[in-house]
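Can you keep this structure in mind? I'll have questions shortly.
A, B, C and D label the chains in the order they appear, each numbered from 1.
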Amino acid sequence: MATDTEQACFEAGIKFGSLYHQFAGTPVSPDSTRSLETAMAEAIENQPFCESVSVAIDDDRVADAIDHDNGYTELTGSLMTVEMRIEYEGVTARTRMEMDDGYPLMKLVAVDDEAGE
Amino acid sequence: MATDTEQACFEAGIKFGSLYHQFAGTPVSPDSTRSLETAMAEAIENQPFCESVSVAIDDDRVADAIDHDNGYTELTGSLMTVEMRIEYEGVTARTRMEMDDGYPLMKLVAVDDEAGE
Amino acid sequence: MATDTEQACFEAGIKFGSLYHQFAGTPVSPDSTRSLETAMAEAIENQPFCESVSVAIDDDRVADAIDHDNGYTELTGSLMTVEMRIEYEGVTARTRMEMDDGYPLMKLVAVDDEAGE
Amino acid sequence: MATDTEQACFEAGIKFGSLYHQFAGTPVSPDSTRSLETAMAEAIENQPFCESVSVAIDDDRVADAIDHDNGYTELTGSLMTVEMRIEYEGVTARTRMEMDDGYPLMKLVAVDDEAGE
């Protein structure tokens, strides 16, 4: 049987994998970054134990990724920073996706048990 | 070689398949329908020849589809109505996804050649 | 800084969310279940720390879910059972998705530290 | 009301958009290309009017796209060639996705009315 801390970390991972693979590939341009950020955050916040999600798509990186006349690119991890807070039975897990050595990494930033155990 | 009319219809289909398979499965609740509608429309409008997209997710149907304590469901075709207008070399294709006999259907509603040919 | 156990659980969750949201919505019929199972497992096994994935799509449930002349349905959690084993720095996390009270749940089944700590 | 030829082209587009946005983003390595090709083809062949789909993922391009220690990349249009044949009321539409000037394009290759009209 998993502990509450282990379960909190598992739930945090589920949300990250969900967000990424649901929305990666979405057509995006500097004109549509704000609406996509909001929709991604609000969609994943629906999931259980997910207290907050913030998504920041980098307009400059989106513009740089547009390599064709069409004027858009597809969303990938290298174009955004994501932060989430998961709460499971008093345990808080904070996660972040950011560029690390040129590659987007999903990181478990902090795990805190409110009871101080 | 395809005609402009055939190409317009092909492009119209691409947009519909894209919209559906990019966003189907997204967690959705009555609290997140508006942001998802906007993001879906703005994302697909990035694609070439796509002049306008409107997405209406039905809050009542979303509420009815929530069959669990979690308070959300996953987006499917039966929860939304979608309309698009594609313009290709003077040909306009109008499409619509709506419920038909209990099943969501993607329909090619009208194809108009501005030149009246 | 997260412990190895916490990180193993986080990685286990990522794989589950990824698998689900990458492949949910895929058109499926009893004729295409085997190829989809194999592709899902091999795709997610590419991800870091993911030692094994097994996917079993239930042909009978797929057949029952086909409610239209078209002869196919879309993949959802209620049609499959998934098991995964994640290995992170000597910690093994085992996960399972299965039906629970009519709803598909992603479960952290066991977390084992090889060092016996 | 759309003609059979227009409808055939629309259906051909739907299948292409579906295939692309369902599977783009899937983790892929040279070890998992064959199973992914098969699953993509069999999944989309489930859709109405879709007579045949062939997917060829280029192992060399996949290997070249792996830019990280993890040993995998994510499926994009630039890694594959896709061909489809759609049949709608005696009209055959053939489509192809291939690289064109460094960018993957979905093309309507030929539209044939069996009646020779």
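One rule holds in what follows: a residue touches a chain if its C-beta (ideal position, glycine included) is under 8 Å from a C-beta of that chain, and two chains touch if they have at least 3 such contacts.
Just so you know, these numbers come straight off a predicted model, no measurement behind them.
A count of contacting C-beta pairs for C-D and for B-D identifies B-D as the more extensively joined pair. Each chain gets a centre from the mean of its Cα atoms; the one farthest from the centre of subunit B is C. Work out the mean CA point of subunit B and of subunit D, and you get 20 Å between them. One simple way to say how far apart two chains are is to compare their mean CA positions; for subunit A and subunit D this gives 29 Å. Taking each chain's centre as the average of its CA atoms, subunit C and subunit D sit 25 Å apart. In subunit D, the residues that reach two or more other chains under the touch definition are 18, 20-22, 25. Viewed as a contact network, the protein chains are fully connected, with every chain touching every other.
On the subunit C side of its complex with subunit D, the touching residues are 18, 22, 25-29, 31-32, 35-36, 38-40, 42-48, 70-72.
Residues of subunit D touching subunit B in their complex: 2-3, 5-7, 9-22, 93, 95, 106, 108-111. In the complex of the two chains, the subunit C residues touching subunit B come out as 20-21, 24-25, 67-68, 74, 76, 102-103.
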